[in-house]
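Shared between the two complexes below is subunit A, which has subunit B as its partner in the first and subunit C in the second.
Moving on to the complex of A and B:
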């Protein structure tokens, strides 16, 4: 689908069992997020970079994704060091940057990038429908999966619907100005969007029900745990052991 | 030829063996809306090919919604394949054998790719992924859509959406087809192809259409919706002299198809 730039490549990562990838991404993220020190984050980031490289993704799309998250991180770098309590490292005008603030920014930067890269390489490399199916096999409740899949599907439909309404207004000579007419038109557009979205939801539900849908999503993809998956699983466990090992080492020492 | 009276009409229905779809005294109106059905009765027999006509807003789409249980009438009985429909579970079973093509194809397609959408029905019916895939590919081929498998559904043209929707319905091998304006927006070649396909499968059909030449070629009986009721209007062959009670009445006239 439109915003799945990574899902349809064909690398070794793409061929791994989606269930395995999903589990690894989640466990990896939890392990990384719990870390309070820098030591485990270096191997974590290293592993995530290796995985992204192995997935052979379109580099432009990849850079865009990473940039989006890091713009937010950059914002933290601007604010956090000057607002966090601690020992001043340097002073700009009336503001003092604290060591603890800077450390926290560093931690957040490493953590968020490692988690982001692992999710890009492990999860964004499968179509969302497959992800839903994999979640089903991992015993995630069907209602949650349904919510996820349909939300994902219909965000685009609603966006398109909005574009269509806007186009309909434009072809009849609508040009936004600062006037009551403009505000009213936008209000109508938004109102109409809600009506259409709920109407659409009902119609799609009807369409699904008519074709025998009873709450469970099936998929054309069949999962098979292949020998290569076993090898990958061992490597993944090893990666997690390294990260956790580094974490415990930094705590105990 | 004159109009058939309602009495003749019901007699005709009684004679039919194994009715596939039977509606009795259906009353329905949308919330705060006008009365759509006012004691409507109707039945379709096995392998009957029925054309349903009526002016815009006369309730044709609503009728198909009632048959498939998407809209629950205020009163009246619905029997499908001889079974009375009382609860949602009854309709769930019936829908597996009813193929309903919506008037608006945008409502019908919801999976990202064409193949996934066509396979949705077979998967729900319990076919394996591989069987579903094969069935879907064949259904697409039958409609001249070979090679469309990986196309994104919402990026298809209007006519293509209509055809894919038809594939999603036909792939389930329904016993009865409910087609709501299946030919709007199709070119003449595709139009002819659909006629050919509909004539080659042994199913009951209720086809809503405003295109008389289409109904003439695909159906044998015509019913019309009028003032909350449904009325038998004759054989499809005599569509022109028979159906148009207004504005041309029985005066010979031509249509610009």
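Moving on to the complex of A and C:
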């Protein structure tokens, strides 16, 4: 089952204007990704934690998402400190961990998590359909939004189709192993998914033409910038000012 | 094969975004409105395929299938991959906003390359077609791994060992994707040959 565990809750964050949330997430992500020093990352991570807390999300789902990203970060911690040339801090057997390597891992850890948490609190909290329409108001080309919404619309259908095919295979005694037979079965399964997708696309296209489709999904959602959004916008600008301020302060001092 | 947020340098992210936008623009130009439903639903199939795990020895890995998507969609693979990867980011937080361009390149460039290099031969019969289909699956993952490595190496040469480990770990996946692509292309040629044009 494909789920969107964060999208349909109700918190102050969920009620904010999706356009505002998208813009903030983009600006915050870029600013954080470009950071080369530690100073701005502490406020950035702090702000991201506050935002996730305000979104009141399902903690189990949240922990799972954070864990996935940090598995790769952990892999970097295992490799980078010992391969990065620099001043040795401590030595394990033949391997020497360097200060520069550890610093780089620290930077990546803070950046990854800050960006992830802001993304979860700002973007994963809106249904994809809403996101598509919000992107439209932000002047993203309509064709790409149409493609995104169509893809979103059909992943659930195709996934059910996959489950059905898999169930049919299991009933016939299919048990996945490391074998040619298994790979052949999966290849035919996926091939069938592609075939069904293309068959369905023809029907969908015909249905869309019949209904006078002219290249755009219209949204009945009226995006309204409410007073609470203005307050949030001011706070978001303030948050970015704090992060940038920390960057400059660390350079100047 | 997603790169997470917070690892790559600003230059790499910027170049990745610009190239991905260019590729997507070309792809969208080639996708008329009557083909867009097809591309969208194939992007959904690609999305679902990437959730399918198969066993390899004691561990399990997921399908990638960007080679087959390339054979079917050509340049249209660019916008289709962008849509699927955007959904990966929004729904599962694989990747994110700033790395979306780089991640799209990692999936879509190999797809378009395989389309250009192998499609002609994959449509023929006999051993040539089998070899071409295998190479499609194999190279689609190989090129993706090479691009991942390039993104890391352009960020900093200290990523050399990480890159070697990553690309090396993809080697068995390349072979299995090659095998699965052979079966998959054979299947498509029998069941619905017009899909491959």
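In the analysis below, the second predicted complex is superposed on the first by the 229 of 253 C-alpha atoms of A that agree within 3 Å, B and C clash if a C-alpha of one lies under 4 Å from a C-alpha of the other, contacts with A are read in each partner's own complex, and residues count from 1 in each chain.
The rule we apply is simple: a contact is a pair of C-beta atoms (placed from the backbone, for glycine too) under 8 Å apart; a residue touches a chain by one contact, two chains touch by 3 or more.
Worth saying up front: this structure is predicted, and the values here are computed from it rather than measured.
S.K.: Given the touch rule stated above, what does A:171 touch, subunit B (first), subunit C (second), both, or neither?
M.R.: It touches nothing on subunit B or subunit C.
S.K.: So, does A:200 touch the first partner subunit B, the second partner subunit C, both, or neither?
M.R.: In the superposed model, A:200 contacts both subunit B and subunit C.
S.K.: Would you check which partner chain A:157 touches, where first means subunit B only, second means subunit C only, and both and neither mean what they say?
M.R.: The answer is both, since A:157 touches subunit B and subunit C.
S.K.: Using the touch definition from the top, say if A:212 reaches subunit B (first), subunit C (second), both or neither.
M.R.: first
S.K.: Between subunit B and subunit C, which one contacts more residues of subunit A in the superposed model?
M.R.: The partner with more contacted residues on subunit A is C.
S.K.: When the two structures are overlaid on chain A, which partner does A:224 contact: first (subunit B), second (subunit C), both, or neither?
M.R.: neither
S.K.: Examine A:252 and indicate which partner it touches, taking first as subunit B and second as subunit C; both and neither are also allowed.
M.R.: neither
S.K.: After superposition on the shared chain, which partner residues are touched by A:123: those of subunit B (first), subunit C (second), both, or neither?
M.R.: second
S.K.: Once the two structures are superposed, pull the subunit A residues common to the subunit B and subunit C interfaces.
M.R.: 2, 128, 153, 157, 200, 204, 208-209, 213
S.K.: Going by the contact rule set out above, which residues of subunit B touch subunit A in the complex?
M.R.: Residues 65, 68, 70, 92, 95-96, 98, 100, 102, 104, 107-112, 115-116, 119-121, 123-125, 129-130, 132-133, 152, 154, 168-169, 172 of subunit B touch subunit A in their complex.
S.K.: Quick check: in the complex, which residue numbers of subunit C touch subunit A?
M.R.: 4-8, 10, 13, 24, 28, 31, 33-34, 36-45, 47-49, 51-52, 54-57, 63, 65, 68, 72, 79-80, 82-84, 86-87, 89-94, 96-98, 156, 158-162, 165, 176, 179-184, 187-188, 191-192, 195
S.K.: If you look only at subunit A, which of its residues touch subunit B in the complex?
M.R.: Of all residues in subunit A, those touching subunit B are 1-2, 127-129, 153, 156-157, 160, 200, 203-204, 206-214, 218-222.
S.K.: Quick one: which bits of subunit A touch subunit C in the complex? Just the residue numbers, please.
M.R.: Contacts found on subunit A: 2, 4, 25-26, 29-30, 32-34, 65, 68-69, 72-73, 75-76, 79-80, 83-85, 100-101, 104, 107-116, 119-120, 123-124, 128, 131, 141, 143-144, 146-155, 157-159, 162, 176-178, 180, 182-184, 186-202, 204-205, 208-209, 213, 215.
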